[in-house]
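Below is one structure. I have some questions about it.
Chain nomenclature is as follows: A, B and C, assigned in order of appearance, with residue numbering initiated at 1 for each chain independently.
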């Protein structure tokens, strides 16, 4: 049966699409091929999520070499959810990308854009589904290399320096990760994550394990922009082409967060990370610092996309804060916020791209008067912003609710207080947009009132609608997150 | 249709009105007919629920599940029905007033105004009929957001600054205090349903109860308990119909309504009395009551004076509830109604004065009663009701609050009530005196009443103040079933 | 077993820190990439060195071969080297583009040019 091979096809389909597009050398064909590949990946992710919900984890032995000798792809409720997020965002971004990207990238290079996007998608999906620590590193680098190029395609020359900066820091991060994996490999003699988890208990000397965890935390922390390792993110998101910003903001850091969760909860286990080592408080302090410092930085930005980028650093803080609780409810909240924030930030970056196209930029001088010139886009942006604040009825509320409930349930009142106080900073930066869009007149050279073309607005509004839907009907995401947390924590040890 | 469906329809009507008005945005007459039609329909739907509520029925409908195990539920109980009835009645009255005001003053963005207005009423109905704290919070925040464009309607720098205060205080308190209080209730009690007798009994100790009560009381910023009252005077930059319906009725009443609801249905009066955690609330509310009256006394701007009067009158409700006696809780519910009719009359009059004579300050009102007898007559009725004179609605509610204070032997509360009545008189009577008994300044040429629609509105609400004194049976019966269970 | 027993680790740490230092301390974008290359090399050593047993042979099944070296680390590092080369090539390509766009590859001059744009 074909569905048996979904775990590998999920990665292979976009991976094959990439060279096919390069050979076709056509922007349009590239778009069609990548749309088809994303749709296929999306369909397979849905099937996998349903399958894992019904019958637990799926193990796929590549080339029929049984684990732990061969590379194992292991799909459970956690990474099926992540794969679904990634492929869904790809499917939403692609229809949008066609016009957005051709406005921002030269026609003759269009097909390369699609090829790289597929490569990036394959890498991200690979990270999600693989059950092998070294294979994960390879996919991490595949997605990262594609990402560096995608960012460098931005119109502003600063996109180049942003991509370079990300290349340096991203490579350091990946190298630190693979160093940590090396230490674990030397201590356990296996690279299979599940096998590694089983063997860790028998390792007599714990020191290499502690060092390995430190390396992996620092390395993955760089990739997920854990404060203060976020220096690469604001420029990368601000100067990348709009479609790329949307895709990356919704997926790349989220997948890295998933890796951290997998290593902490499935490989090492809660006790080793949060009881034997003081990682909980360390992570909590860094996360809270992110909530306040990055949100405060967002308030003073002069560019909408940079504002969103700093907001991402802060919002990632909520996710890592959930991880730092080291409990099932905390992890549930973290997974839920991973999904909810992915949708929200994707929608906001798509809208920002529509603004960039019509208003000629996303600086606050161009955003002025948007309430009059692009009323629907401005309104949708406000809705997305409300989700960043965590207003009830939006996706952001559900995960914030789960996080605060988890913190209060564990008696960590100060964490609950930090989460809620930092929401006020989110009000400040969202209202910066509101006041600029609704209380200032449009600039003198503003284009005639009108929305962006429908092939851009429809995906953007659809994702905004998803933000509201995920807020009013929050239980499916929360229940899926609870199952994901269970799968992450319940792996054999 | 069942009563539960009626409750859902009551919530749906204002939002349906929003959609229809957006569609009819190019045709002002159609749009305004929609506004009036929606208001009238809502009124009839709410009124038709009355017999069932009086008979002890509690229609309940689960709209959808939001968080796992936490659905959005509408449940109609006496206090909520009372609030919904007040809001929907006054929406009907204020719609023609709004039309007159907006046309008379040539305001811009009228569609946005009507849409947000209807949205605010919808959110208020959602608060009134909320069956659990999650539903309440959902509509509470919605009400804040949908009133923001109304507060900043003029789009000036002053409006923008006021909007910041408005949003900062209301969102700030609700997110930092109210939300953790709700989540903590969920963690402790395992439910957020409103139940007679409360849900926290036996679940928390006295200290936790005290902290939780403080989080709730200060978190419900719409109740304007000091020091979180600044948003209300700030909101006065809005057009007068907004100040009248929203900042005298829907928004502030939503605030004190939440206060009563939390004390009665979340903590439970008896539980809270046993835990003894509400004494400080009497003091804070009493302080707010006196201090706000003192500020009102010195304010020259008419709307500002009315705003601080509102802060003070809201504190009556909070203080009454904090006394935790049946009579005081009844008084709180009645005052919610009485103040609504009185204060909207006063705001209607202020708007009429602004529209007809373009006057905003108390010191400019010399002799205006001679030019605008109907307006100032209605104003006098509203003012006397605020003071608590018979034969007006304010007398009934103050009577119950005072009875409750004496039963509770809270002499602080009795003293505060006596002092505040004097202060109320001190800041309202001079206005009436100026209007009717001081000669207008020489050369003042205005000499006409406000548009008919506006005059009609304020006469109707003033008459309602009298009617509520003469026929308080329905309101008292509902209040009794709230307090006595 | 102490210092000399861990000799390969000391070498790894030394190379790692050297590379990282160059990445941080050098302002020239090409030199940073050189540092990055050195930094990555440390990992190759970390993996490969423990795989070697003194006296061990390649894992050939046959008579006379009893002690084998572990081949897996070599295979892994072969992959890592490929990744490293790709990264270096992409990094250098970016430096070329930066040079075209800014006319310099010195970090402080780039920051100055960006500051002027604001």
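In the analysis below, a contact is a pair of C-beta atoms (placed from the backbone, for glycine too) under 8 Å apart; a residue touches a chain by one contact, two chains touch by 3 or more.
Quick caveat: nothing in here was measured; it's all calculated off a predicted structure.
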{"item": "Centrality ranking, top chain (CA atoms only)", "value": "A"}
{"item": "Most distant chain from chain C, judged by the mean position of its C-alpha atoms", "value": "B"}
{"item": "Rounded Å distance between chain B and chain C, as computed from the means of their C-alpha atoms", "value": "69"}
{"item": "Interchain centroid distance [CA atoms averaged], chain A/chain C, Å", "value": "27"}
{"item": "Between chain B and chain A, distance of the C-alpha-averaged centres to the nearest whole Å", "value": "44"}
{"item": "Junction residues of chain B, two or more chains touched", "value": "none"}
{"item": "In chain C, residues with contacts to at least two other chains", "value": "none"}
{"item": "Where chain A touches two or more other chains at once, by residue number", "value": "none"}
{"item": "Residues of chain B that touch chain A when the two form their complex", "value": "64-68, 72, 134, 137-138, 141-142, 145, 152, 155, 160, 164, 167-168, 171-172, 175-176, 179-180, 183-184, 186-187"}
{"item": "Residues of chain C defined as touching chain A within the complex", "value": "16, 20, 23, 29, 32-33, 36, 39-40, 42-43, 46-47, 50, 73, 76, 79-80, 83, 86-87, 90-91, 94-95, 97-98, 101-102, 110, 114, 117"}
{"item": "Partner chain B, residues of chain A touching it in the complex", "value": "386, 389-393, 398, 401-402, 404-405, 408-409, 416-417, 420-421, 423-424, 427, 431, 435, 438-439, 472-475, 478-479, 482"}
{"item": "Contact set on chain A toward chain C in their complex", "value": "134, 137-138, 141, 145, 148-149, 152, 157-158, 160-161, 163-164, 167-168, 171-172, 175, 178-179, 182-183, 185-186, 191"}
